[in-house]
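Structures for review follow.
After this come two complexes, each holding subunit A, first together with subunit B and then together with subunit C.
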Partner chain A sequence: MKTRNFIGFFVFLLLTGMTISTFGQEVDKKEGSEEKFNASTFILEHIADSHEWHILTKKNGESVALYLPVILYSKEKGLDVFSSKKLAHGNEYKGYRLEEEGELKGKIVTVNEAGIVDEEKLPLDFSITKTVFGMMSAAIIGLLLFLSLARSYRKTGISYPQGIQSFLEPVILFIRDDIAIPNLGEKNYARFMPYLLTAFFFIIINNLMGLIPSPPPFGANVTGNIAVTLVLALCTFFITQFSGNKAYWRDIFAAPGVPVWLLPIMIPVEIIGMFSKPFALMIRLFANITAGHIIVLSLVCLIFIFDSLAIAPVSIFFVIFMDCLELLVAFLQAYIFTLLSALFISLAIPEEHHQ
Partner chain B sequence: MILLANSLTSPAIGTIFWTVLIFLLFLFILSRFAWKPILSAVKARDEMIKGSLQSAEKAKQEMLKLQKDNEAVLRKAREEREVILKEAREVRDKLISEAKDKATEEAGKLIEKARAGIESEKRKALSEIHDQVANLSVDIASKLLGEHLKKTGEQEKLIDNYLKEIDFNKN
Partner chain C sequence: MEEQQIQKKKNLKKQGSKGLRDFGRYSNIAFQMVAIILITTWGGKELDKLAGFEHHVFLIILSLLGVFAAIYTAVRDFLK
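Moving on, here comes the complex of A and B:
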């Protein structure tokens, strides 16, 4: 009971903290340019990737932010590494500029001496962005968690689950007994367990960290970034193709029982199927997590759209409700991604006697 | 806004690069140093639990069997006791009846012997009485007849004749 109260209080603090910081921004904007509050720009700025991790803007206009390293590569200039603080407020540095408006908003561009953007020669951007930083932190948290779990197993030997084990072991067993074994079979599941476990925990840690609004490394929209979900889906894709057995490839290129004249239609359909499965994985995770962030941010924006503090309690209430829902979605999406990965892999290793 | 949405749905090369790096490293380290020991420990425990359950079941079966054996042994012992008791009873009865028979027989014999003894004694007594009566008769006759009768062979013959007439056995 006590812990629950504490967690509730913590969530409340974080949420109010987030509202206050955004409120501060609003004030800043009003004092500065008197421009109308644009909710969609505000929301998209928050869920999009960025080179600096904005925490809050003070009343005097100074912004408190975590400036992440920028890593650029271009053929002419070679490798450049510097802090994103050098590019803050539209400053130019080493011939680079962070665009704040227009088509290339949020991207780093090269500018020549005259200050004109060279749109043809965009540098390759390998910066540690907000997403990358959040993901790294999630990976480190995951490593700490599971390496200590492994150590605890080595220490206790064969015993009843204790300490951290009793917390994480049910999840591992759930993935093994309810995802891997039913889909992949008793004989094959062990091969794919490391990938399924890694994918599940990678996604869920990032999802949960994304739900916590602040401070860094929490609150980055990692699993709502399409590049991240693309890589995850590609991993499932490659594992599926590389573990595909004879029967799988025969089903694609010469499905038994299909007349020969139908093959020119069937083969492209099957090949599209190969790619559409991981594509669905990519879009599902990206869309679900991004949608969750957009809803929460929209509810917060209501306060600024109505420009009234009276809306805040209603808004906060709905945000808490949505956060509970997002908590469920965080688990659900990790589960679905893992389940579908296991399913797609199992489709690539059909047992011979089914044919 | 639409442009931003575009940047949202178009994967950035840098992010892809870092994600591949981070995720593969994460996967590698975890599979090597976490999943392997964790899964093997969990599996070992599962097997131990399974084995323990099996051996417990086996022990239970064995105990049941032992119990059954014990019961059988007990029943057998009880049966044996019954048999022994029955035999003992029979032996006793036999002994008693034998003893009884023997005693009866012995008693019969004794009675017979006694009867024989009595018979012989009786006969002896009778013959003595016979003699004494003869003597007495002679005495009485001699006293009665006095001097008339002389001690001759004829006299004695006469006495014998008289005595023979008296049948002692009749009484």
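Moving on, here comes the complex of A and C:
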């Protein structure tokens, strides 16, 4: 047991060290080109989505990156699929360019022959970006985990848990017994279990993958991307609205006990409440994960801001501490998202509601 | 004797998960208050822009409504 703990701790240290060495090489490049180190752009570049997956920069300034496919559609040119390497370093390809400055920074724009951006004819971008790639990898990892779980159940039947079963079974039972049944009731919970389990494992796999700094597919800031959390929150929103029963809609449009003259104020308030619940879900997950990443990156940046090796041990110590905290946050946020989804759904089926 | 211990353990587990559940519920109330005020204020600002008002009529009405709605939903969620 002690050996296992030790190996775990060693792997953890290794990963944290990797974060710092990866960042270090990138900063070297910046210093080499005599640019002043700018922590905020450095941090924002790391948490933002991008078309290429930067791994490290060699000492000679050459960067090692995973170039992801770009998929563009525009009315004039139709569908275009090519590697993002063609657009690297501000190059133009097939009349497209990846903007590096200004309002459209990070977006692919259409340029005319003179090299001027045509802002009215922006292509639709369906590219496999860093976030999308991270998400797909999480889905594959999830599938591998659960398909192997299903296979082992088929083989051994319901017996004492072995291998991966002993890790996943308690988590699934925890979601059923501590989230679904207390909120949704014995009668209804089974209907919503597939969604709750999917949301929980999708968030937790992405959170944990985001904590591992490198190499791809690890280290994408998936759950810290507001578009991803928006879609997750929309799923909860639609499930809540579509499973809402008569009593739920009556509470919104004609709440019992509310005088008629107050209804013009109460109806908008209730409608705002309808949207604010998933909105809060979206903001919470996004803010928690992004904040964690920003703190870890800022602590690493301290070394380069002070430009001194003496800061490094302090910085590493705090990064390790923050990583431990982030590990807790990764579980907690997945739990809270699932719990609140179950709670919101239970509020939409008030007659069957059990507390 | 053993049964009692098992029951005790179960109760402890229940208390723990209830604490976590309550944490989730109550922290959500605060987040929801912020969300409501944000949505209504932003909506008011956009409506003012759309209508071309100089005096921010929608902003004032909607942000006040937002504060009221936030307090109302918070109190209602507390009582549930």
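Simple rule for what comes next: the second predicted complex is superposed on the first by the 318 of 355 C-alpha atoms of A that agree within 3 Å, B and C clash if a C-alpha of one lies under 4 Å from a C-alpha of the other, contacts with A are read in each partner's own complex, and residues count from 1 in each chain.
As a convention for this text, a contact is a pair of C-beta atoms (placed from the backbone, for glycine too) under 8 Å apart; a residue touches a chain by one contact, two chains touch by 3 or more.
Everything numeric in this text was worked out from a predicted model, so none of it was measured.
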{"item": "Fit or clash between subunit C and subunit B when superposed on subunit A", "value": "fit"}
{"item": "Angular separation of subunit B and subunit C about subunit A, which is computed from CA centres of the superposed model and rounded to the nearest 10 °", "value": "70"}
{"item": "Which of subunit B and subunit C A:Ile172 touches, first, second, both or neither", "value": "first"}
{"item": "A:Leu328 touches, of subunit B and subunit C: first, second, both or neither?", "value": "neither"}
{"item": "Superposed model, subunit A: greater residue contact from subunit B or subunit C", "value": "B"}
{"item": "Which superposed partner A:Arg284 touches (first subunit B, second subunit C, both, neither)", "value": "second"}
{"item": "Partner chain(s) touched by A:Leu124 [first = subunit B, second = subunit C, both, neither]", "value": "first"}
{"item": "Overlay on shared chain A, then closest C-alpha pair between subunit B and subunit C (Å)", "value": "13"}
{"item": "Residues of subunit A at both interfaces, subunit B in one complex, subunit C in the other", "value": "none"}
{"item": "Parts of subunit A lying in touch with subunit B, wherever the complex brings them together", "value": "40-41, 44-45, 47-49, 71, 102-103, 105-107, 124-129, 131-132, 135-136, 139, 142-143, 146-147, 149-150, 153-154, 157-159, 169, 172-173, 176, 190, 193-195, 197-198, 202, 225-228, 230-232, 235, 290"}
{"item": "Touch list for subunit B against partner subunit A, complex", "value": "1, 3-5, 7-20, 22-23, 25-27, 29-31, 33-39, 41-42, 44-45, 48"}
{"item": "Of all residues in subunit A, those that touch subunit C in their complex", "value": "178, 182, 265, 268-269, 272-273, 275-277, 279-280, 283-284, 335-336, 339-340, 343"}
{"item": "Subunit A contact footprint on subunit C (complex, rising order)", "value": "17, 20-21, 24-25, 27-28, 31-32, 34-36, 38-40, 65-66, 68-69, 72-73"}
